[in-house]
Amino acid sequence: MIGMVGAITARDLRLAMRRQADIVSVLFFFIIVASLFPLGVGPEPDLLRKLAPGVLWVGALLATMLSLPRLFADDYRDGTLEQLVLAPQPLGLTVLGKVLAHWLVSGLPLALLAPVLGIQFDLAGDALLVLTVSLLIGTPALSGIGAIGAALTLGLRGGGVLVSLLVLPLYIPVLIFGAGAVDATVTGLGAEAHLSILGALAIAGVFFAPWATAAALRISLE
Amino acid sequence: MIGMVGAITARDLRLAMRRQADIVSVLFFFIIVASLFPLGVGPEPDLLRKLAPGVLWVGALLATMLSLPRLFADDYRDGTLEQLVLAPQPLGLTVLGKVLAHWLVSGLPLALLAPVLGIQFDLAGDALLVLTVSLLIGTPALSGIGAIGAALTLGLRGGGVLVSLLVLPLYIPVLIFGAGAVDATVTGLGAEAHLSILGALAIAGVFFAPWATAAALRISLE
Amino acid sequence: MLEASNLECQRGERRLFSRIGFRVDGGEMLFLQGRNGAGKTTLLRMICGLTHPVAGEIRWKGEPIGQLGDEFREELCYLGHLNAIKEELTPLENLLASAHLAGEALSEDDAIDALEAVGLAGREDLACKYLSQGQKRRVALSRLVHEKRALWVLDEPFVALDVAAVAWLAGLIGAHLQRGGMAVLTTHQAVDIPAGAVKELKLS
Amino acid sequence: MLEASNLECQRGERRLFSRIGFRVDGGEMLFLQGRNGAGKTTLLRMICGLTHPVAGEIRWKGEPIGQLGDEFREELCYLGHLNAIKEELTPLENLLASAHLAGEALSEDDAIDALEAVGLAGREDLACKYLSQGQKRRVALSRLVHEKRALWVLDEPFVALDVAAVAWLAGLIGAHLQRGGMAVLTTHQAVDIPAGAVKELKLS
Amino acid sequence: MNNRLINWFKYASPQSFYPLAGKLIPWFAAAAVVFGAAGLWLGLAVAPTDFQQGEGYRIIFVHVPASWMSMFIYLVMAFWAGLGLAYNTRLSGMMAQALAPTGALMAFLSLWTGALWGKPMWGTWWVWDARLTSELILLFLYIGFIALQASIDDPRRADKAGAVLALVGVVNIPIIYFSVKWWNTLHQGSSVSLTKSPSMAALMLWGMLLMALAFWMYSIAVALYRVRGIMLERERGSEWVKGVLQAEGTK
Amino acid sequence: MNIHWQSFSDFLAMGGYGLYVWGSFGVTALILALEPMLAVRRRNQLIARLKRQLRAETKSAGERRTPPTPNHPQ
């Protein structure tokens, strides 16, 4: 079981390494978004510090969302998805493996890069820490929820937009509690409450979403 | 000659209409970027007005950039590009047709939508006008220059990021003069100088870039 | 073992086929015929459980495949029009990945063996995007070399293959049937498969 | 008319072929043979000017094709492994678009005619993504029905076609040769083309 | 270009260029060290204080040579690239590829030293002024060129694709050079020109020219060194490379 | 051509601009020293790799006398 999930994840990771673009483009986008803000707004530190949580979290969210359409599209186009569906194991686990790989090449690097970008915004040490932690907890939820949207829109005309449209409402809670956690730290309040809700969202995203995704995939292939 | 360009443009437009996603996703992205800023920054009108030119122009630029990888990718994958290269007419004109179609489904809607979003930022009437005009002049340059990057990276591992990397430096002047024109209007200076340079960039982008793109396409197919 | 009765398929406004039935036992091959667009691919996908019939039922060892789920899939090997290989990966990586994903343990030596058998020796480490059309198809087919599952469902497996490879694949299918396996296949080419029992089913 | 001499091709570290030469005149067909990966597709793309040889030269009416440019392309019709059709468009739209892009004036009536000739009557308005594999190939082939250009370069045109369509296409190519046209083609299937002069070239 | 020249480019084979480059490198390297030492001595130890900028102006001795080189290397690179695209010569692609990293470093140095100069003189590390922006674009162009070539496996295609990019980017060079004239910028205009007499003190001028010469020699030496490696890599499998490899072994 | 500086510390201070001047010259020197070093290292690695390949080639050319196993589609 776990071996299977591992095999899927390993294959997707190898593909990502081969292409590299997948990883780099998410990061690159995040960097561009986060760097253009200070340029546009000007260098007043107080203002930047106020903007930081929102900007960084929105950047991470957008970067993840942009990478969603490709989550299943390549496998769909070249026939691999049919093979995955026909494999003798619960499709939900296969999806879990793919979600995991997606997180490893998008969410994780985003979370690790975020503090570096946070310095641009003159964030203090504890805020940087909470920023990283909130992204580490929140991005798995983004990947998990996003997979449902990606599966539902597979092969449809709407493509990319449709994903965004479906997924955005479900992302907003993650955004609110994620950015809220950092904001709370900046303003000196505790971040625990926010982080624990974020954790609950992540657990739901990682353990329940794959089964919905699996159902959506079967429908898309019909 | 002109007929050919028209035929290509018409085909691409029909495809875009059939898919719709292409148009909507560019606009949708632009709206998201432009709307999240005021949410993040808060509602002080003075501040917003200062941010507006940069934010809107950056949003338009990012939206265009994200749509670039698909400019030739579909035609490349399904063999249409080979047919286009083998058509008995200058490839540069074919490219011009595709660039035109790209602008009609990305740049033009962006320019028309921008004033609506500009109102969110409390821009005055003349600034809104200059914003629209600057986008109308500037986005063809973005499409034209972007096509070179898209053609050069066709079928490469780097994919999307590589396009951004190649194209971004050439986009910076367009951004500077475009945002500069709006900024000049907001601060009460004339925008003509900026707009005329923008016009020069657009002419170069539309009339010279297709030939470089054509050369790049031939190389990519080799 | 594999039985279908009274199958009916509808696509859009069009009824592709109806009242189709067949039965395939161990060692038998079902050869599906029909002109382009007759519904062969659709029927094969139905047999795999990827599409559902409007009416009728497909049974494996007496049970409807929908109820069997993974139990059925463990004995099924499907090869469609599309190769299901990744252009960025090498043939070796593709083969290993697809075996793992199908839940089979394939050692690297066996994989290299299989690629050699399929005529890709010396290309194991070249990304698939550089391969020729026929070589890509061979990568997809290399899965069959060590495939022990009972039911092979092959949709035009001979496409793009050269004469030598067609003969080799026919032999491979023949050996599978000899071992008591089953196969359902379609092709528009005239291929001589050394099989004992061939049933034909014509869609029209 | 079409001549090549001393062609050599290198892919990565591998020399695919060298010292290849041939000559095709009006009414003649060049039949390219070779196993999978021998370099047939590569050679066809060279003939079209899409790839350049490491050495040697290809001439059309005595002039190197590189120098002729559009003059050569006006007389060339290439059909590759890929169908060059858009899944979102209908067969009719696809055919009209590809004719326009190739610089030909094809009326809608002629297009409907061509689609009918190719066996797609009744499917003109169904998006191509719903078509079967063979039907997609037929859409690509429908371009040939009204094609008057002198040189046809066809890369495995018979793939995925059913028996009737194969015979029809063979006849179409034969008629083109009869009219004094030229064709260069590859296929792994045994197809009977009613052509007067067939030259064979074997890559190995 | 006359025919003899074309022939020379066409037949200047890597095989004959390789040993020639090997012989030239030590001379250029030595010249770089000598000119560099002399230039540093003049620039850092002897040259007088600038009446406006104090000692801070001494950054000029690295800033200007690096800036010049960054532009000039790009021109040379684009020239080779264009030549390769037009005449399909083997050597030119290798030259372009060998020049790019050095050019990128020069562009980086120009930006770095310029920023360090801007802080005391203008009070800011960076402004979005025409010259500064266009120099930044130059750095991006170099990086884009390198990244593009790195992601293409087939060297012939890599050369051609790189060439298109390099040629498109050439428009940037006159913009950098003339930006101070065309726009009213913070950056100072050119003080060394062929037409008017130098406005700088003779010692400063000499120091700068010596440093520029040193940068020239350095760039040539490094590029030649790098091109030799590229030749070996691209022509591996040919007899002459096997010979070179065997000779390397005995050393 | 007299030396312009009174003392060494004077020289280091650069009239108050030490940080900027030495920051520029230092990084320049660093880069101009590093680039050749990296180039030499890459070249050595390259030559080692090419030699390895050459050896492997000549070896396998000697071994590959046995014909490829028959009955494979070529």
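We just call them A, B, C, D, E and F in the order they show up, numbering each chain from 1.
Convention: contacts are C-beta pairs under 8 Å (C-beta built on N, C-alpha and C of every residue); 3 or more make two chains touch, one makes a residue touch a chain.
Chain labels with UniProt names: A, B = Heme exporter protein B; C, D = Cytochrome c biogenesis heme-transporting ATPase CcmA; E = Heme exporter protein C; F = Heme exporter protein D.
What you are looking at is a predicted structure, and each value in this text was computed from that prediction instead of being measured.
Traced through touching neighbours, the fewest hops from chain E to chain F number 1.
Common neighbours of chain A and chain B under the contact definition above are absent. Put simply, chain C has to spin 180° for its C-alpha atoms to lie on chain D, with the angle rounded to a multiple of 5.
When every chain is reduced to the mean of its CA atoms, the largest separation from chain C belongs to E. Of all chains shown, the one whose average CA position lies nearest the global CA mean is B. Each chain gets one centre point, the mean of its Cα atoms, and the points for chain C and chain E are 59 Å apart.
Spacing of chain D relative to chain F, judged by their CA centroids, is 50 angstrom.
Rounded to whole angstrom, the centroid-to-centroid distance between chain C and chain F, based on C-alpha atoms, equals 52 Å.
Spacing of chain B relative to chain F, judged by their CA centroids, is 40 angstrom. The multi-chain contact residues of chain B, meaning those touching 2 or more other chains, are 18-19, 157-158, 162, 165, 168, 222. Contact of a single residue of chain C with at least two other chains is seen at positions 81, 88, 119, 161-162, 164-165. Chain E has no residue in contact with two or more other chains. Touching chain C in their complex are the following residues of chain D: 11-12, 34-38, 40-41, 81, 119, 123, 126, 130-135, 137-138, 156, 159-166, 188-190.
The part of chain C that touches chain A in the complex is made up of residues 48-52, 70-71, 73-74, 76, 78, 80-89, 93, 97-98, 100-103, 127.
Across the interface of their complex, chain A is touched by residues 18-21, 24-25, 28-29, 32-33, 36, 39-42, 47, 50-51, 54-55, 58, 62, 66, 157-162, 164-165, 168 of chain B. By the touch rule above, chain A contacts chain C in their complex via residues 4, 7-8, 10-11, 14-15, 18-19, 74, 77-80, 82-90, 94, 221-222. Touching chain E in their complex are the following residues of chain B: 148, 152-153, 156-158, 162, 165-166, 168-170, 172-173, 176, 204, 209, 212, 215-216, 219-220, 222.
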